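For reference, the structure I am asking about is given below.
A, B, C and D are the chain letters, set down in written order, and residue numbers restart from 1 in every chain.
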Amino acid sequence: MQLLQMLILCFVAIFGTAVVLTRDPRSQVIGLSFFGLVLACMFFIFQAPDVGLSQVVIGAVALPLMFMLTMARVRRNTEEHEARKRHEKKGKEAA
Amino acid sequence: MSLSSIVAHITALPVATPLGTAAVLAALNKFLPRRMADTLAILATLVTLFTETLLLYSVRSQPFVYWYGGWAPRSGAALGICFVIDPLSCALAMLISVLVLVAFVFSLRYFDSIGTMFHVLVLGFLAAMSGFAFTGDLFNLFVFFELMSASAFALCGYKNEETTAQQGALNFAITNTIGAFLVLCGIAMLYSRTGALNMAQIGRALGQQSDATVITAFVFLLVGFYVKAAIFPFHFWLADAHAVAPTPVCILLSGIMVQLGVYAVARVYWAIMAGPFAAHRGALMSLLLVIGTITSLLGAIMCFGQRHLKRLLAFSTISHTGLLVIGFALLDPHALSGVALYVAGHGLVKASLFIGAGILLHRYGSVDELELRGRAQRHHFSGIVFLLGALGLAGVPPNLTFLGEHAIDHAATLVHQDWIPVIFAFSGAITSAAVLRVYGRVYLGWGDRESLRTGKQIPEERETAGPHHRIPAVMILPAFLMVIAALGLTLTPKLRRAAETGAFTMADTAAYQSRVLDGAHLPNTFAPPGQTALTPTLISTSCAIVFGLLLAAWSLSPLWPKQDVIVRPFKLVMGGLRSLHSGHVGDYVAFLTLGAAAIGIVLGLLIRRFGM
Amino acid sequence: MNPRFRRYFFLISVVAFFGVFAWGLHDLPPFGHYRGPYGDILNHVAVYERHATDVVTAVNFDYRGFDTLGEESILFMSVIGTSLLLRPQKKETDNNDGKADNSLQRDLDESERRRAPAASDAARVLTLALVGPLIVFGWYIVTHGQLTPGGGFQGGVILATPPLLVYLAGDLKTFKRITRQEWVEAIEGAGIFGFVLVGLLGLFVGGAFLQNLLPLGQTGSVISAGTVALLNIATGLAVSGGFVQLIYVFLEQTLEVKLRVQGGK
Amino acid sequence: MSLFPYLVAAWLFCIGLYGVVTSRNFIHLVMCLAVVQSSTYVLLLTIGYRIGGMPPVFAGVPVGTPAVDPVVQALMLTDIVVEATVVALLLSLAVQVHKGTGTLNPDHLRELQG
């Protein structure tokens, strides 16, 4: 039992570090959702089912979803900027 | 039934009323007309203010403790959450409500209608700050801290067209969130040690022991709350956030939220840490005096170097919060009463100064000192706010700030820290000089446009709709009422005495603990009577205002050195200070880490190695 | 500071910070030896006093119920704050006229369509079939908070997922209809207001804010633990409304074009 | 050995801060903040743990069986809500910054200097 707890704590430390060191947000968000699951496992192992349940719904689902939507929006922004630039170019050429 | 037992029942209202009203306003977002929302929000604030007045009246002789859910403690162990109603927390809550009321009244003329969201957030902010002032439970303090943050972040980024506003809010949010995590770590460590979350119970369980855990936990709480209070080296976010927030929000952030960070540390110290640090007061005092002095000087110097009016006022807030920390650092109830008076005086004055800036923005569409030069020459009326505000910042009698400074000076002489009035004079002089310079340039048209090229220029759009050629009464009136209140309240008899009673009651740790845990009915603790000399404070404040006037006049005169001939060392120092305030959140967090580590190491060494 | 200098500066600070942290931690009671008394007292009395078998829920909604009011308000304020921050900027709403802008709009719509593949029918059926069970499950979690792990918060989040599934199934119209802002905001506000109301009723009936005012019922039955159940439902409402709005606001950010096009027809 | 779980919490705090300071993208930065926050979960969870304790749920178990601390779990529930909300606010601010400036890199945002 003790061993299992130490093991999961090691996992938490490793996954947390990995999330930080992943510089690309797109892969990082996958790491984050795994990290959320590992945390949830930790809560169950440490006899905290209430917290574990919340962590599953928040940490592993809701948070990554928000991150992904934000990134989609940011990508759209960039596309919009570029599209606008292209248009200005076209307009100039036409003139 | 006595009055106080009836009044006890309304203790929950300062939190419940704003939250309930906020819920209604949010639910009816799409259906309520704007004026209706204004009315409801102002009504809720008035109810809160009225409740707090009743509470203050009922605790004038004896504080009481209110247990939520009726969970009174059993054999000295708290089961639930309590509010501790004592004179100082009531007075603080009243100040909060007054400023929120002013913010609502000012925003009656606020720009685009976006439903009721602004009202909802400000009401949430009000509930959070009231709860923060009253609570006697450490984790509850954290909850209200976070509620305060959540509403403040959103309010700060309110102008979502302006990218600087979003950046300022982002810096604010990131640094304050890390501060909140530090607070939570501190709470966890204290909980692990004592098995309690009630402040009185933690204090009693700790007794006199001050081991590594207790010291570290206190350092974490201190740092977390001082991030909110914008104390060096955690102050960087404040100018970014305040410079860009809408005016009514600035009133709340600068007028009271920042000072609540100082209050939280004072509350934690006297409820929990007075015992453990009883033998180490010297260590804590010297550490905090150093931090407070640096903050105050740095804030004052940066304040004078600004041309963006709101940023200038924001740095002045940093400077004055540093003074509050100096006052608290004396760890003496006399000084605490001074801090309380100073908070009230500064809150009123700073709020009216921000309104002054808001009026200029409304009338002339700018808060840039150079752009505004001479443009308000025909509107001297609103300029009086700046004049009186400058006097308040310098602490000229009969301002509340003068009373506060006097109490702090008195406590300082008791512990032989006679240099403290000098710091007060310096900060007062520089910050009031900055405000007087603004007055001279904007309202009198003195000075030229070139002499102050250094400061940051941030474009700012008008916040208000409607005709801009006149200044609405809802803007100018609250500002006048507040500066007059800061002057008039001083003349009320016994105010000084009442503040001392409040401070001595708050600082009476043993009485606090038995009130909360044993249900003891103990009267307020009264300060020993005695007259104190006014002379040092009078000298200090008159120096402040004289030097302030001279400095302002010099900076507006042709004698003021041009940018390229400024003496080299001064230029270097200013350049260095400026580049520290880089607007880069990574820098801010790095400084936060360094500050937390340094405070921990210094305090630990002073206590363990040097036995202070 | 340049990035390199910042990194070194920070590394030195953080080593010192870690030292301070570890110094504070080494004096804590050793791991695995919780000493109480707060938790132990509650573990002993909560079941008798509250007739709730899940002590965590009893703590959250009764002993420390006031904290939970604050917690729900934090959620509430940040949902309102998020929709305030992400409200359409003026320049975004103003650019719909003019020929050039229209063709720009068409361009953007085109790229949008290319990126989002339509859901297959099988996927739609499967996703929509999940909606019913999820609602039942969420409701179960909300109402059994005092008995088993779970409660208003966890159930509320689960109850917020069906609209998301509807969106995933590609049914934008229904998604828009069930996430009408008026309703979502009303549900959210009702949850918070309900919490405050239960508290105030406790004040008038029992004598203290949030005091229990209902019979405690039979330990182990669904209707037990008095106000805890009511507060769970209020929290469930507030949380589900809050998360639906949160998801909606973020989705709206990515889907501005799509929603605008479909709404216009 | 009895200190190890606490040190994991301290480690997560520090590594999260490292990510925040060196981040070149606000979205990355917010995820690093989530890691800092997870440090508080670990700390709260481990200080309330009792070896051999069961969960504080007494459905079908007699009261008096050794159980872990329910209070820290209640605190962590609050903590998790706080995380979700702070993340939502920060992300919306980041989106707005990107809308206005076209970048998410803090190194490129220098409008607030001085």
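Note that contacts are C-beta pairs under 8 Å (C-beta built on N, C-alpha and C of every residue); 3 or more make two chains touch, one makes a residue touch a chain.
Keep in mind the model is a prediction, meaning the values are calculated, not measured.
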Where subunit C and subunit D overlap in contact partners, by chain label: A, B
Higher-contact pair (C-beta pairs counted), B-C versus A-C: B-C
Centroid distance [mean C-alpha coordinates] between subunit C and subunit B, Å: 31
CA centroid of subunit A to CA centroid of subunit B, Å: 36
Rounded Å distance between subunit A and subunit C, as computed from the means of their C-alpha atoms: 17
Centroid spacing, where centroids are CA-atom means, of subunit B and subunit D in whole angstrom: 28
Residue numbers of subunit D (touch at least two other chains): 4-5, 9, 11, 13, 17-18, 21-22, 24, 39, 46-49, 51, 53, 55-57, 67-68, 71-73, 77-78, 81-82, 84-86, 88-89, 91, 93-96, 99, 107
Per-residue overlap in subunit A, given as positions that touch at least 2 other chains: 49-51, 54, 58, 62, 66, 70, 73
Residue list for subunit B, restricted to those that touch at least two other chains: 139, 143, 146, 150, 153-154, 157, 160-161, 166, 185, 189, 191-192, 197, 582, 584, 586, 589-590, 593
Which chain pairs touch, all of them: A-C, A-D, B-C, B-D, C-D
Residues on subunit A engaged by subunit D in the complex (per definition of touch): 1-2, 5-6, 9-10, 12-13, 16-17, 19-21, 23, 25, 28-29, 32, 35, 39, 42-43, 46-51, 54-55, 58-59, 62-63, 66-67, 70-71, 73-74, 77-78, 81
Residues of subunit C that touch subunit D when the two form their complex: 3, 6-7, 10-11, 14, 17-18, 21-22, 25-26, 28-34, 36, 38-40, 42-44, 46-48, 53-56, 58-60, 64, 67-68, 70-72, 74-75, 77-79, 81-82, 85-86, 89, 147-149, 153, 220, 246, 249-250, 253
Contact set on subunit B toward subunit D in their complex: 139, 143, 146, 149-150, 153-154, 157, 160-164, 166-171, 173-174, 177-178, 180-181, 184-185, 188-189, 191-192, 197, 240, 243, 305, 454-456, 458, 578-579, 581-586, 589-590, 593
Interfacial residue positions of subunit D with respect to subunit A in the complex: 4-5, 8, 11-12, 15-16, 18-19, 24-25, 27-28, 30-32, 34-35, 38-39, 41-42, 45-46, 49, 51-57, 67-68, 73, 76-77, 80-81, 83-84, 87-88, 91, 94-95, 98-99, 102, 104
In the complex with subunit B, residue positions of subunit C that touch it: 1, 3, 6, 9-10, 12-14, 16-17, 19-21, 23-29, 34-42, 45, 62-67, 69-71, 73-74, 76-78, 80-87, 89-91, 181-182, 185-186, 188-193, 196-197, 199-200, 202-203, 206-212
